[in-house]
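In what follows, chain A forms one complex with chain B and a second complex with chain C.
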Partner chain A sequence: MNRTSTLLIALIFFNLLALVLNIGLGSVSISISDILGSLSGSEKVDAVLTGIVLEFRLPRGLTAMLAGSALSVSGLMMQTVFRNPLADPFVLGVNGGASLGVAITLLVLAPSGIALTQDLRLSGHILVVVAASVGAGAVLMTLLAFARRVDVMSLLILGLMISYGVGAIVSILIFYSMADRLQSFFNWSFGNFSSVTWTHFLVFAPSVVVGLAAVVPQIKSLDAFLLGERYASSMGVNVRRSRILILGSASLLAGVVTGFCGPIGFVGIAAPHFCRLLFRAPSHRILVPSAILFGSLIALIADLIAKAPGIEATLPLNAVTALIGAPVVVAALLKQRNLRRVFGG
Partner chain B sequence: MSEERYVLEASGLSIGYVQGKRGHSVVAEDLNLKLLEGELVCLLGPNGVGKSTLIRTLAGLDKPLAGRILMEGADASAMVSRERARFASVVLTDQAPHGMFTAYSIVALGRHPHTRWTGTLSDQDRSRIEWALRVVGAESLSERQIGELSDGERQKVMIARALAQDAKVLFLDEPTAFVDLPRRVEIMRILRDLAHEEGLAVLLSSHDLDLSIRCADELWLMNPEGILVQGYPEDLALGRQIAQTFQSDEVDWDSDEGCFRLHRQPKRLASMEGEGSVALWTRRALARKGYGIGGADSAELEVIITYLNGHPIWRVRISETWRSFDSLQSMFRWVESIS
Partner chain C sequence: MGRKAEVNVSKRSHCLNILNWFRMGKGGECFRHRQTRLKSVLWIALTCVLGSSTVLGKRVELAYAKNFSVEYFETHKIVTVRNMWRGSANLTFTYALVPRTTALPDLPVGMRIIRTPVQRMSILETVYLGHIEALDLYDELVGLANVSLAHDPIALEQVKIGYTKKIQEGSSLNIETLLLLKLDLVLTSAMGNPQFDAHPQLERAKQPVVITAGYMEEHPLGRSEWLKFTAVFFDKEEAASRIFDKIAKRYNELSDIASSAGSRPTVLANAPYGGTWHVPGGRSYTARAIEDAGGNYLFSDDASSGGLPKDFESVYHRAAEVDFWLHPGVHRDLEGLRSQDDRFARFRAFEIGNVYNNTLQSNGTGGNDIWERGVLHPEWVLEDLIAIFHPGLIPNHSFRFYEKLN
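Presenting the complex of A and B:
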């Protein structure tokens, strides 16, 4: 068995381990036999524990896995198409657009009834998701409209500027908002995998799966994009169509996750770098599956840390992913010794 | 007419780029060009005349503003990119890829137009990749990371990638820029062999006039007015077209010597006796120091080349003083100390 398959199998194993730990640990610890019992519907397990496992811990763990995979693959695709190791949904402004949509919904439009409840009911939640998707979509459309006319580097700068502009508008909205409404916006903006219940999951999971499935036919084109768009075109890639399909699925993945779980940074940028360092391969036939597994693993670990088992507190998920992700990005850049190219495009 | 097979024919071609809503910026128009299989063509011209644009347009990467390109008789504009990729491959000046690429995996990307959507390499693909690496003399590099290679090695790998694509025409945009002279000659030799032995049509742009004249089967000269002259390299050298294309205040094309000379009005005259390579380099040294060659009676400097045990000796006269030197440097040191 070669190195690649060994690593992939190890990643699958660690994912399962992290999922079990995620279900087992929290404000109440649950033993493995109780977890297995709850999952198999055994009568012997306490009904309260079964409820916690099935209604809270399991959907939360699965959400973390899907969200991590989605962000990681989304970041991988953007890094390849933009030929820039710093590209990810945040840099492109897709998350910024989603934040603006959510800010407008929660701070301006929402009746105080929604804003006051900390965990929103489905109707309110779907509203937030729609707002996030519309915001992400609007940024994407702007980028795609320019993508026909300008080169990739300009597009990246455009994305950064959109992020700044949108961030400024959000700041203004926050500044003039009532304190009670701010609370639900802040809850969303810290990032959270627990807000996706089974009902939400019926929308969330298929969206992520569709986004991931759309990547598969583009794997060969993604390899060609590593040489730049001109080379890709000379090798028979329909560059314009591929770019729209790739960035389209990258935005779908990032937009859905941002809407449901809040803006979760650094998974999209760190997970693909982890994969490149570990697998030492440029081919997306290896990078896409490994990015799915690695993104999922990072998200599970980050959520485990955020739950802070053992102490009476929870940490903002966003802060945890940033603390894990930032050193990885620095290490990846130093290792590749191509800081020049980060700025040179 | 002979049965010459044109792999690429362009007629009434205008090249340039679209500039905002204002319209087009035309680089050159009404070009009629043909590429013959088995021939190496060098495209020469001053910076900024649009050599890269022409290469990209012919390779199908940029759209022509007007005119028609036929690839093996088929209209290129009607081709899908995958068909075109089996016809033309390119080596561009674009930056090398980022990420963890071995030379082999770069060359393997060239098989893209031939593999199925999964990108799986067949035995045939692998043997073509190995052939391409061997032809450019890069087999030993195949497991090396692309970032560790020298400019010359990287260029060979990029040429191998284009060869792995198994196309009829190979377009190269300044393949010998940033490469030292021995490597430059080697790359030109490889490209000429590919044309002559593998029957590829090769079009490359270059700034290396001398090497191009020596290697090319045909030259295309592009001048700043957007006019393109095609012809046999030696004909163009004799017919002054090379001189006109590269006309500038700084240099002159010297068709006696087959090279450029710094444009400088000779301030003084020198006379010279001698022949062979020693005379050639003495003439060039005199020209560099601002001496024109004239008759012995009007010259302020007289040089006679003699030989002692097979080594050249320069006997030099200024006014009435004669001196002998065993190198041009010592000779000019003395000349400059006197005048």
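Presenting the complex of A and C:
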């Protein structure tokens, strides 16, 4: 077995280990036998513990895995298309759009909100999900409309400008809000995997899986993009169309995750770098699967730390991902030494 | 801090001078004064008995409220507020209330002065609307902040016709509107956070702002007794005292009824948002109200008086078999509650339909009477709670603030 296969299998193994740890640890520790008992519906396990495993820990762990993979692959695609090691899944303003949607929901609609949510029969989390997705989608549509006409560098700057503009509107909404409303908005912006229940999961999981599956046919184009757009088109890649497809699917993946879990940073930047470092091969045929596995692993580890097992408190997810992600990126860069070469410079 | 009231006598001072007591035999002077001397003795005795108060009005006796005190002097009243926010330690705010009709007495430089009785008042939180209703201070209410969160119908009507001006929306304070109102009094509370507090700006603008610490009281009757605080600014101490005595009596009666109940059902409160469930701490106002109503609050072993952030999972672990669930967010029906998170249906209280919210008096724009008259009348809230936990103890009760989620 060559090195690549060994590493991939090791990643799969660590993923499973992390998942088991996530299910076992938290506000109360659950032993492996109890976990297996809960999963198999055994009567011997206390009903409350079974409830915790099945309704809280399992969906949370699976959500973390899917979200981590989605963000990681999305980040990988962004870094390739923009040939920029700093690109992350949200570079096209997806996060900004989602924030705006959520800010409008929580800070403007919610104060007059009792009537609203009751009439629409959408309340709490689902409304936030819809709002975030609509916001992200709107920004994405705007940008993709420009994607036909400008080049990649301009697109990046456009995305940044849209982010700033949207951020300014969110600031104004925050300025006019009461302290307790702000708390719920900030809670959302810390990101968390625990609000995805099985009902949401039925929408979340297929979306992510479909998004990831859509990346597979793009692998050849991705490899070509890394060498520059001119080289890519000389290799027969339809640059305009590919760019839209790749950026669109990357932003969609990012948007789905932000919609269900709130904005989660760093996984999208750190995981691709680490994969490149580990596998030493720039081919996306290997990078994409490894990004999926490694993104999932980072998310599981971050969630485990965020749960702060042993103390009855939690840490905000975004802070933990940053604390893990930043050293990973630094390590990868120090090892790499010549990043320009990797990005076809 | 001002001069204590001195018995102002001219002739009698002659006799109070202790040396003169030894000069009794000299001339007829002190013989005449012998009668006044007797009166002096009686006067001194009376003053000693009554202490240094009762010169301007009735003394404010406080039984439950710990965060303010009032001292009466001949020319003014001194009000002291303490414990204004978490972490305020020994910081106090002092105000001198001087009647309009008298000249300013000798007060320390920088002492905050309010002229009484107040004729133009503005409130920055809606909780004072309960006091305004009880003491009929609607005419004096010329400014109201956060109108969308207010419930009191008369106050809202006054806003509609323009008699009471709207002030401040959100966290930005509109100083200019306040200045134009030419106020005698601005009532507000503070959190000790310069970002959100209004009083630093108001003091800089030389507005007569008074900080209240009612929300920091731990006992529901302590919060209610702040009616007397507001009353002091309007010379309505007597009315406030009468009203509060009735409230306290009824509250204690109900408390006794509740403690006669046999078993105590377990109770959970609040609902999570974004993965964090802020449950009331073991010494919080809500915990206190639940215990007084004969319930067993699940987190009563905690020692904090604020909210405890917990994750949904750990609350579920402790509360899966709970008997009653109160205030689950803003929901008024079970379907709405379940649609927020279908795991809520796993709590036993949800399964047997024992979920209640204090939204009966919600007016749809964010106002709710429980935060206005409900704070002044904790006995009404207590009655609702006892009727929830022990319906047999209060037959034929119609709910004032709480409704059952169906």
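One rule holds for everything that comes next: the second predicted complex is superposed on the first by the 317 of 345 C-alpha atoms of A that agree within 3 Å, B and C clash if a C-alpha of one lies under 4 Å from a C-alpha of the other, contacts with A are read in each partner's own complex, and residues count from 1 in each chain.
The rule is short, and it goes like this: contacts are C-beta pairs under 8 Å (C-beta built on N, C-alpha and C of every residue); 3 or more make two chains touch, one makes a residue touch a chain.
Not measured: the values here are computed from a predicted model.
When the two complexes are overlaid on their common chain A, residue A:V130 makes contact with neither chain B nor chain C.
Touch counts on chain A: comparing chain C and chain B, the chain ahead is C.
In the superposition on chain A, A:K220 makes contact with chain B only, while chain C stays out of contact range. By the touch criterion stated above, A:L86 is placed in contact with neither chain B nor chain C.
In the superposed model, A:F190 lies in contact with chain C only, and not with chain B.
Look at A:S283: by the touch rule set out above, it reaches chain B but stays clear of chain C. Applying the stated contact rule after C-alpha superposition, one finds that A:G236 touches chain B and leaves chain C untouched. When both complexes are overlaid on chain A, the residue A:V203 reaches neither chain B nor chain C. Once the two complexes are overlaid on the shared chain, A:M178 sits against chain C while remaining clear of chain B. When the two complexes are overlaid on their common chain A, residue A:L39 makes contact with neither chain B nor chain C. In the superposition on the C-alpha atoms of chain A, no part of chain A is touched by chain B in one complex and by chain C in the other.
Of all residues in chain B, those touching chain A in their complex are 56, 59-61, 80-86, 88-90, 92, 94-95, 97-101, 105-106, 109-110, 112-113, 115, 117-119, 147, 165. Contacts from chain A toward chain C in the complex involve residues 26-28, 47-48, 51-52, 55-57, 111-115, 117-118, 121-126, 175-179, 184, 187-188, 190, 192, 194-195, 197-199, 262, 307, 312-314.
In the complex of the two chains, the chain C residues touching chain A come out as 146, 148, 169-172, 196, 273-276, 309-314, 316-317, 320-321, 329-333, 335-336, 339-343, 346, 359, 362, 364-366. Taken in their complex, chain A has these residues touching chain B: 83, 85, 217, 219-220, 223-224, 226-228, 230-231, 233-239, 276, 280-283, 285, 336-338, 341, 344-345.
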